[in-house]
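Structures incoming, each one as structure tokens.
Each of the next two complexes has chain A plus one other chain: chain B in the first, chain C in the second.
Up next is the complex of A and B:
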């Protein structure tokens, strides 16, 4: 029996073939007194992908929620109409909308890890569509669900049917969610940042899948994303949003070839994949001392009484003082474990780490403390790594207090000088993290790390949570600080486009093993290993969106 | 494509489950032994004893020699260690000793009081669960915001009402004003209606607040929204997705509350004149009736341990992430 032979769309509604599938007119949405969407009008063409791009706070998700009729609590539709294939959706009673959601509009959410009910099986998730909208028997539903699971590229659908979400990887869960969204062959699929929580190679596969479904079934896709590169690769039309207003809407190709709005121009200029790699400012002398030398690092975590899992296995690299070494890998590759070893938080099972020539494992007591002072860590999520109850002044001063550096007046001066260094106005000194933007918080986190004058900074995905324009400014700042303070960076990232901007040397890590290492130029221009090639090809925005390799993730 | 058989679990999985249950049961026995020892030591440390309280009364006119003989007959004269071993051994055989105050075997006292308390606990718990779910449903699904707000405020209100007051109020209204249920001369189950009602309200208050909190948390998770985007109605999302997830943390609290109902219904039993374990405990404390107290502590410890044991076994049933992971496949797709 082969489920792929079943028709996927036997109950397709006879929609009129003409006109746009989605027509949004003068949409205006507010949260109490604050208007977040200011009279937005656009159309989505039938059978095409239309991208809505914008940074955080642009109102793109609010528009997506308005289209599926599930505005968040407190949001109010002030005016405007939304029409789906000729039928007006706005101002419908809730119970009427229940018959439209799922059946005529499919939704693919942002974060697959939390978007599946942890106590329901995969079969129940996809089957819910048929239970809610059709009168199919259990056996018929099962056949249809198996066919769908097969269609979205999941291996062994029968096994998947009875599995629970925690038994599947992020990419597989997103495939399950897509299977649910396409189950009843809707007119439109609204995909709200469908890949922003996924690794770059998985992102590519999921976007390929959506593209394939669109080509096969003529489903229209509204792709909500912050990533211009994805829009460039995948959408025929693009709408650029900023602060609830449309800056520009046109053919994607036209927008990228000749952007008209200044905002669009800046967005495109700031995208790392399009930016030229800056020439290394001043290359440290080839005989410069080694800041960090890692040899044959090995870390195993216990997983059972007599079992261990190798998180990191024989990883070696050498970072010369004043250069940036990038560690690149997807989730679960062991990047974070390497970081934790470097900063002395965990002890490796084998291998050595030399920080400025001294073995981190042998240092004890005050010597170890002094050594670790010179290697500081900056985290990915600036809001989570700053104490929400502390002011900026307290946050930056804390390391000085911990190491008992300087008098109170001297500390105050150092904090203010450091704030200037990271280009933050002193008026922020009394703010708390919640009162600042992501970029400002990340600058504060950098200031906190730098205030005790370390020589090495370990940067863990420090720009991944930031909008593209903010990301570009923080990368500029990092380059400036490295030049002025003679810092050495260890830059951990999953984003090769960003790495290309900043790294001198890099290590590619997969499943805890070092796949490839070497000078950045060599690895980017002539990668030797297939995995490195795959990673490079998966960077969106390069205009080569053809499927590379179908592999379940 | 071939049909694999994922539904059957490998024998190793059963062996592992059995081993897990055995370890849990071992822990439970250890806790019971600890409870026994602790109570024994504490009761030994109390100044005075039951023999003194009952027989030292000058009106009885007993000589010190006679009192010493009585002490010997109750086994309270021996060294503490000998008493400990003796009592523990007897208890393992189901013999709880004699009540000094009442002069009857403790087991016969329990035989009459335990069913009353058990009935009260079960009825009270069922009633409490009913209120809890009614509040959760009302606070989540009622179409009017003011009604949802009211339902949300209810548990805090009734949780603040002391039991002796709400109990008397219930009797006043139901029995004396409305003449619905007589206060005396009722059957064993009919007579439980009022006490169960009274005991369930303060218990349901924290239960409802905790369930509501978890319902709110779950409702804000993306999968609840995703279920709505599939076209499920709010009620369908509530029953099929929110409640099964909110039940997981709620279960622990439910077990504790049931244990408390079994262990201490003193006030309810006093107000409604029920001769349950609560009454027995009150009398035993007043008379320092060591054997009875020891037995009561063991009964409540046993019920707590049993309830927790059952809940531990229920967790993997309700939460698939806690189940055995032997079924996790590591196959990759070859295409």
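Up next is the complex of A and C:
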């Protein structure tokens, strides 16, 4: 492409204007001896969004990397061809690919925080595209970069141009990456989980931006995602991938209306946003005791010698025994701080926390330890919260040993009974965390928390790191355990679709302040606060309303 | 047949050498029929030959026999040195990392001061205070290694203490000491074992150096450093008296370094 005909949309594409923009035929990719993509064929229509959905290990990212010609080391393209608007991409020497990547295929990576060079300015990031692929002068490049930054909805492009990535929020960084991807008006944008690392309201804005660019310039988008709801809202065609094979590919509308493959059916059934809200199973009588009462909680973190930042400010809620209270908020809202107070890991600066009527702030020594035994925390990342050197047996037995419960034989029996409770086979007893799946690890973490018979479980984003089918099973398990053991849950999550499945009451937190609280039914059906409405509207998969205006996040 | 990569060959050779040395420590008489201390005066300063593989020294003692009996002295001494450094260093490092705050600041400062003193200078000072001899030299070398171990352990303890599973264990009712013993220290082990093996090779060098300078075992003990020192006077006429003990020190140090690398970095990623 010569600089003279360089415009946001070239007058005449080199390839035939009709036909698919991307044609993948019988793609087969292996890592050493293990085949991860087994003969995948699909097409992406010009000017449309095509979604590739699949759970972890389905090979979707490997396919994305093959398309942009950046297969990781050790990956081997066994067979198949990838054609971009009539030109074969496969088996090209890497120096030829350098001219295609960026110019004809734009790439939007998953994690905006790791994808920008911390020592390069935003202007340098986006300008690099022009420097590599065109012969524009510095002044012309600057002009185009400013136009692009404006186009992707960043306020004050001149300021952004000279800023560094750490000065921008996650959503803004993703906008910068999108600006780089569309800089040379490529035929195709490959977006690999472009919003997984972002908050739900930001996610929606970024997807709206991509949609807008597609409509405006006719760019085709290949959207790689694990989230079916996003595919449903955004893609015309959907390809369902499982273990490196295509289960189903069709119009998105058809797939969601009448899925043919069993796997797709299960995926859709497990998606929390599509699942009906379960009827509150025998809610305890209104006069049931309060398990947890939090009043006017306040936590400030020191930020300097005499300065503090309020992480949580006047948060109050009460949770009746046997119910689930959800704390909902986006990243940085202070929800993690609240639960760390609840489990006694940090001391609040003001306010009280009553656990079954007793104030944990006043308890000391053995009394405090005994009290905290009844409130157990389960973490988001199942692998990080289990000691990699311990076996499942050791992990679950440890709390019993800490409280000197039972004889060794008795403990053994309790561990095994607990494993049955969380529906794990006893054959896993001698495994280590690295040898298990995320769902299995999370069940072990639940078993460890439950083995000392707590009455309250604090669940910190416990299903966020799990695939949708695994997530549904763990939610089922949580419901079952609550019913059978009479537990009280405090469920912290950013995902309102999941919260809707499990919560009886909820608090919405933003910037450390409680925006709204009340029974879940009321909040979901008739939210009072604009922020709650915004959060609800941002849940993907509900059939998209008019795009929220393109604003900076 | 495919030739294995050089790194595999060197690793196998290292283990083989270490195995041989262990056998020498266990039963030196198995490897040589000569005595390490008694020599035949008529046979003095003979060049390497079929009868005396590594030649003989100025008193007619077989150099090969002295190296083998010397292993019996140097290798256990290096073990004592590393054990001293490891136990004291790990203790100080774990305390500093786990306690944090002022304790950490004081201990870390103290270790920084120790580290600023050259290791050999410190070992020399200590061995002069303790008195000469192989064991004393070993302990002196070990004390010189404390700061290095303490630093590594402190770093690991600080890092691991911040991990979620440690917090989870606390939430499960584990005591401070329980968490340290059951979770933090086991997870430090990999780097600690790797460092120990690496420090073993430097301990051998340091003990040989102290021996060479005359602070180790007194003559006629067959100590590698001492042998090199004694051979120094005959460098022009009897090269074998210094070369072979020198090679022994070098090979053992190389072999242990090679092995330590596979412990710290099993996949060979950092090469």
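Rule of thumb we're sticking to: the second predicted complex is superposed on the first by the 534 of 553 C-alpha atoms of A that agree within 3 Å, B and C clash if a C-alpha of one lies under 4 Å from a C-alpha of the other, contacts with A are read in each partner's own complex, and residues count from 1 in each chain.
The rule we apply is simple: a contact is a pair of C-beta atoms (placed from the backbone, for glycine too) under 8 Å apart; a residue touches a chain by one contact, two chains touch by 3 or more.
The structure presented is a predicted model; accordingly, all values stated were derived computationally and were not measured.
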After lining both complexes up on chain A, report clash or fit for chain B versus chain C. fit
Give one of first, second, both or neither to describe whether A:116 is in contact with chain B, with chain C, with both, or with none. first
With the two complexes superposed on chain A, say which partner A:402 touches: chain B (first), chain C (second), both, or neither. second
Touching A:180 in the superposition: chain B (first), chain C (second), both, neither? first
Between chain B (first) and chain C (second), which, if any, makes contact with A:156: first, second, both or neither? first
Go through the superposed model and pick first if A:203 touches only chain B, second if only chain C, both, or neither. neither
Go through the superposed model and pick first if A:385 touches only chain B, second if only chain C, both, or neither. second
Mind working out whether A:532 is in touch with chain B, chain C, both or neither, as first, second, both or neither? neither
Is A:493 contacted by the first partner chain B, the second partner chain C, both or neither? neither
In the three-chain superposition, say which chain, chain B or chain C, touches more residues of chain A. B
Degrees between the directions from chain A toward chain B and toward chain C, using C-alpha centres, nearest 10: 30
Three-chain overlay, closest Cα atoms of chain B and chain C, distance in Å: 5
Dual-contact residues of chain A (chain B, chain C) none
Residues of chain B defined as touching chain A within the complex: 1, 3-4, 6-7, 221-223, 225-234, 236, 240-241, 244-245, 248, 318-321, 327-329, 331-333, 335
Per the touch rule above, chain A residues touching chain C in the complex are 343, 345, 369, 372-373, 376-377, 379, 381, 384-390, 398-399, 402-403, 445, 448-449, 452
Sites on chain C touched by chain A in the complex: 163-165, 167-175, 178, 182-183, 186-187
Tell me, which parts of chain A touch chain B in their complex? 1-3, 68, 70, 94-95, 98-103, 105-107, 109-111, 114-120, 128-129, 132-133, 150, 153, 155-159, 162-164, 166-167, 177, 180, 550-552
